[in-house]
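Next, two complexes with subunit A in common: one pairs it with subunit B, the other with subunit C.
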Partner chain A sequence: MSALERNAGEVIPELGRHQRPLLAAGALGLAVCAIGWVLEPAQFYQSYLMAYMLCLGVTLGCLALGMVHQLSGGAWGVVIRRPIGAASRVLPVMTVLFLPIVAGMQDLYVWTRPGVVAGDALLQHKQLYLNVPFFLARAGLYFIAWNVISHLLNKWGLEQDQTGDPQIARRMQRLSAGGLLVYGLTITFASFDWLMSIAPHWYSTIYGVIIIGGQGLSAIAFLIIVLEWLSRRPPLDTIIAKSHFHDLGNLLLAFVMLWAYFSFSQFLIIWAGNLPREIEWYVHRLQTSWMLLGGGLILFHFAVPLVLLLLRAMKREARLLVRLAVFMLLARLLDLYWLVAPDFHERGLALSWLDLALPLSLGTFWAGCFVYQLRRRPILPVHDPEFDEALGDILERGRRPSTAH
Partner chain B sequence: MTPARSSLYGLMAEFEHPSDLVEAARAASSQGYRCLDAYSPFPIEELHEALGSPHTRLPLVVLLGGLVGCLGGYFLQYWVSVIAYPINVGGKPLHSWPAFIPVTFECTILGAALAAVLGMLALNGLPQPYHPVFNVPRFALASRDRFFLVIEAVDPRFDLEQTTGFLQSLHPREVMTVDD
Partner chain C sequence: MNEGLEPVADSNGGAMEVATRDVIAPGHTFSTVTDKISSIVLARRTPPGWWFGFAAAFLLTNLLMLAVAYLVLKGTGIWGVNVPVGWGFAIVNFVWWIGIGHAGTLISAILLLLKQSWRTSINRFAEAMTLFAVACAGLFPILHTGRPWLAIYWLFPYPNTMGIWPQFRSPLIWDVFAVSTYATVSLLFWFVGLIPDLATLRDRSQSRVGRVVYGMLAMGWRGSSMHWHRYETAYLLLAGIATPLVVSVHTVVSFDFAIAILPGWHTTIFPPYFVAGAIYSGFAMVLTLAIPIRAIYGLEDFITSRHLQNMAKVMLVTGLVVAYGYLTEAFIAWYSADPFESYVPFNRGTGFYASQYWSLIACNIVVPQLLWFKKVRTSTRALFTIAIIVNIGMWLERYIIVVTSLHRDFLPSSWGNYAGTFWDWSTFVGTLGLFLALLFLFVRFLPMISIAEMRAMLPEAKVEGRE
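Now for the complex of A and B:
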């Protein structure tokens, strides 16, 4: 049995050595953050929501990219298929980690407080949608949909590894077509429920798409980091070529521009309409010190990565690209901070230690779960119908690629 | 009428497989040949690198085209809405930059795309009504199923006998001389 058909955990022993420290450090960090939960629960829930949405963004972004690749094909997806699968298998953990948000509903969402709703005619109208039982039922529905899609794709992927049956790929494609539709709809409503309803008077129909673009960006950035790590170690060090990073770099650029396009569209339409109920979301964001954060987003979430990713060397040199990918994950955190925090601190910038500690701890714990999942499958999908086209030159005909390192 | 003097343009080797062409191009450029070109019925991704081609100036041309489009688009709108036809829309300032962004963006893309197409044609020296490689009758197959490598006589390392021997060593189907 070749190295590519054995489980990644056996072939890359370093994975196993990283798993336990990551899980332990993450759990320890979360335990420290629990002190914050005791001292200032409201702040804890705000920071937790932000950290949770970042980790969920990588998880679901990977699931969605996997489905896109089932339909589009291409060498870029073959080499990251297994990290994609491993990330999507963290979804059950993410489902459990949603519980703190349920516990913090009273602190996060003013529409759950009967006293507030009683004095607010608009919230009374919105109660048909924004009420606690329906909120919970919807959340349950989203998680069931995501878990079922992820479970089936991963199960069939495993069957494909074991049997090599070409029919399985066809089945995965069919599920992915419907699955992408379901993802688009569920994430739209989930972002309305979990993020947009923080400011329950305000609405923006493009909000869900901004979140989808952000999740795709988070996922691509994360996958670049994983692939760079793998490409420095056997067996992938002789397989991953510069061209693979070039493709992923182009996708990163596409998602950066997609996010900027959606975010600016939302701003432009609300700015042009200039209606009191729509602009309230921007008033405290742009007329207090939060404006610095907005400017930071234009700079670090758009301008800097845009210019850097136009350079060919940036996309082909894995060492450079991976730094930008780490930077983009931080920019994603900045964007989620911009979406969540200003509505709780309308007077201006307010940074709590939990805003840094929680994303770090939750992210580390998530990474531990990811490594655990990554070890359990071979590192490349050798029976994928695209496999030969993507890597045949390198593996069968022995042509050495211009490797990334 | 035959030309008074028939000079040599270069040597052409014919290959049956794209991978042979890539190998040959790689060998030729590692031998130090610089004035060489390859012809294939379809694009081959590795060929550019194998030929050891110097970096093209096209990215710079595209960047400049994009910048011209960007600034042109922005100032066109500025000129129209602030100077030429100032009109109050919803009480907003005449110079309302957010409204200018979409058109500025589109003009950037337009400028960059036009610069890419026209710059590509110009840097390739197209349109070109005459090229010596077509003097070789078999070169017509370059648009069907054969792959050609040409080493030009102007290359400093070019020597009719040595270069012919070198091309023969790459196991082509045939090596032909190209008249200018």
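Now for the complex of A and C:
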């Protein structure tokens, strides 16, 4: 047990060996991307927004899943509680990394250009909401809210690890209930602001829900990758069972289906209505070579993972599941590309090297920050009220269970 | 798996806390559980309260018969529907009843797959509620066709010499498939779950009629391990099939509105928001029924405070999702900069139906916030009151959605107001009677709690190595 109470960095020294290369490679990649920023700033900002939303999706998705688990309980969450915490502690870095988007507002959002607004009655109506100071104030509010929630939950989690005070769990539950409410509202309006307003005439009430589902999916996929990595090294190699992956695989399946459900609902309703202001978003996505991307999404973001995740063996074999999880993170990138890029290149597919380089660099840098955070706390929440129920038997027996169900 | 719903220790601490966490009161054995549940059905004498309640419900069912008979005689002109509001009570009631059914499916299928074992004592009863609610819902679109005896011909695609088919691009036809699938799967699921209990009743029944009827329904159940093995496989498979139905049915119902281009109907949030609303109203109805029944039949040992609290939490969450739907709808209506879209929330809040609209907000959003407090969740009276209020609120929500969008068309020349007539109300109240009458019969003749599943939850059933 004592090994579990020490920080992960001490127990799993390999973590430390990965941290610096990840941070260095990420920083180097971002430096190379800066060349793109000099050469074609507009393209840089578009690719950056997409890469940023993917990393933010994992960060906030983990924060939200952590809060859901505080309220719902369940064995699936106990073993990923600390990776969830570490991911959410990357939030301050993500806050700073939002600045390039602020710098690129003129390039990303046409409603910031007075010349365009002056000739557009609709944008004049929306100016009450879509104006630069209010946009920045809202972004500030979102980040304050997310950082405060994440900070408090992590602080109390640390206290719980150190003191084992059972009252702390209660406090964390209370904050999680309110926190989820705040998360749902802020991410909805953030997705309206940062993504939907790229096409400022267009609107869809389900948009925020699609983004929330996507963030949950990104987070689960990421956590499967982390858990698989941890499960191959002591001390978790004797603790993580197939059933943990089975549970996470089922959650991945649920989010894949939810994403498809939300996205298809939006498409069907807008397609059937065929109203000029709504269908414009789909016209250039479906009547140019962007349609290939749409088809790719149906295949890789829905059909393939759906079929694979229905197989029991897929969910219980960590080696297989982790590959699918990596695949799903790529599919998430594809979806964000679908949400962002076509509005800037209405004539058809236009892939820039930055669309690949930026997600890769930012993702690597993010992973370095995550490893740094993961090392600094114990790897399991040993004083969590659920801990004994979820893992007590396994720890007592001190060996890997063949099956848990 | 579900223990995290309540923290292990509480500032109140001690014994009180343990009692509110129990799914079955301590001290029960196989035989006490079986006796307690089956005695309600097998008792020779029907309690007078049952007769009184059934009579009242049956009276209302007769009102329904009367309303339907008069409708058939005179036509849909006896209802308040007319241009421009061509959809009135019938659609409102259809959506309301279908929504109520969703809690039953959620409890029996999704909570089963999520291994939430607390669902065990309420699932049978909630499934029965689903069936009766779907039966009431199904009446309305058929009656609304005006000539119900031709409804089959209009709704179901069948090869005919005229080569005429229904309009497959209309969500109303998708509804026919969605609802009939839903009814079939729910019925099968309910019946399969009943089989072991029907065998218990067959074996315990004192009367010959009881032995024969329950015996036939039990389909030769002997409780052999092979029977159990197949039973459990079938039950899990049906749960898997029923799970997507929880989402699909109300999604298709939401398409009835959202596929049209009418402001207030045509909005992309409708599918998830309708599903959340359905579960919300369904749990409200389960609480409305479960609280009096457990008090009357003394079932507090099986339907414990823990069940009521969990259902209250589900209501709180789904109620907040519904509130989220209202909020995004209103915000995007303004954001769209479309005068017709922005008029919808304005008209709802200040127009002819403003009082109904604000009552709906009070019933669905304001009052249920009390459920944040544990004191409210543990008080059966408060829960019962809130559940009734949510039932009313969800009915008003559908009324507002259906009527406000229709009564203000794009052209002011085609504006008009709508109100239900005496016959509209009679039909609605009549289906309430039908629902309750069926429920009374169910409670009297079938075990309202699954005996077999309850026995499996007892400590006695925990055989080493089974978990």
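Here, the second predicted complex is superposed on the first by the 397 of 405 C-alpha atoms of A that agree within 3 Å, B and C clash if a C-alpha of one lies under 4 Å from a C-alpha of the other, contacts with A are read in each partner's own complex, and residues count from 1 in each chain.
We adopt the following convention: contacts are C-beta pairs under 8 Å (C-beta built on N, C-alpha and C of every residue); 3 or more make two chains touch, one makes a residue touch a chain.
Keep in mind it's a predicted model, so treat the numbers as computed, not measured.
Placing subunit B and subunit C on a common subunit A by superposition gives a clash between them. Once the two complexes are overlaid on the shared chain, A:S243 sits against subunit B while remaining clear of subunit C.
In the overlay built on the shared chain, the residue A:G74 is in contact with subunit C alone; subunit B does not reach it. Of the two partner chains, subunit B and subunit C are each touched by A:A272. In the superposed pair of complexes, A:V283 makes contact with neither subunit B nor subunit C. Once the two complexes are overlaid on the shared chain, A:L141 sits clear of subunit B and of subunit C alike.
In the superposed pair of complexes, A:Q173 makes contact with subunit C only, with no contact to subunit B.
A simple residue count on subunit A separates subunit B from subunit C, and the partner touching more is C. Between subunit C and subunit B, the overlap after aligning on chain A sits in one stretch of 96-104, 204-212, 222-230 or 348-356, namely 222-230.
Where the contact sets of subunit A with subunit B and with subunit C meet, they give residues 268, 272, 274.
Residues 69-75, 121-122, 125-126, 129, 166-167, 169-170, 173, 177, 181, 184-185, 188, 192, 203-209, 261-262, 265-266, 268-270, 272-275, 277, 385-386, 389 of subunit A touch subunit C in their complex. Against subunit A, the residues of subunit C that register as touching in their complex are 1-5, 7-11, 247, 251, 255, 258-261, 266-272, 320, 324-325, 327-329, 332, 335-338, 372. In the complex of the two chains, the subunit B residues touching subunit A come out as 19, 45, 49, 59, 63, 90, 92, 98-99, 101-102. By the touch criterion given at the top, residues 243, 264, 267-268, 271-272, 274, 310, 312, 397, 402 of subunit A touch subunit B in their complex.
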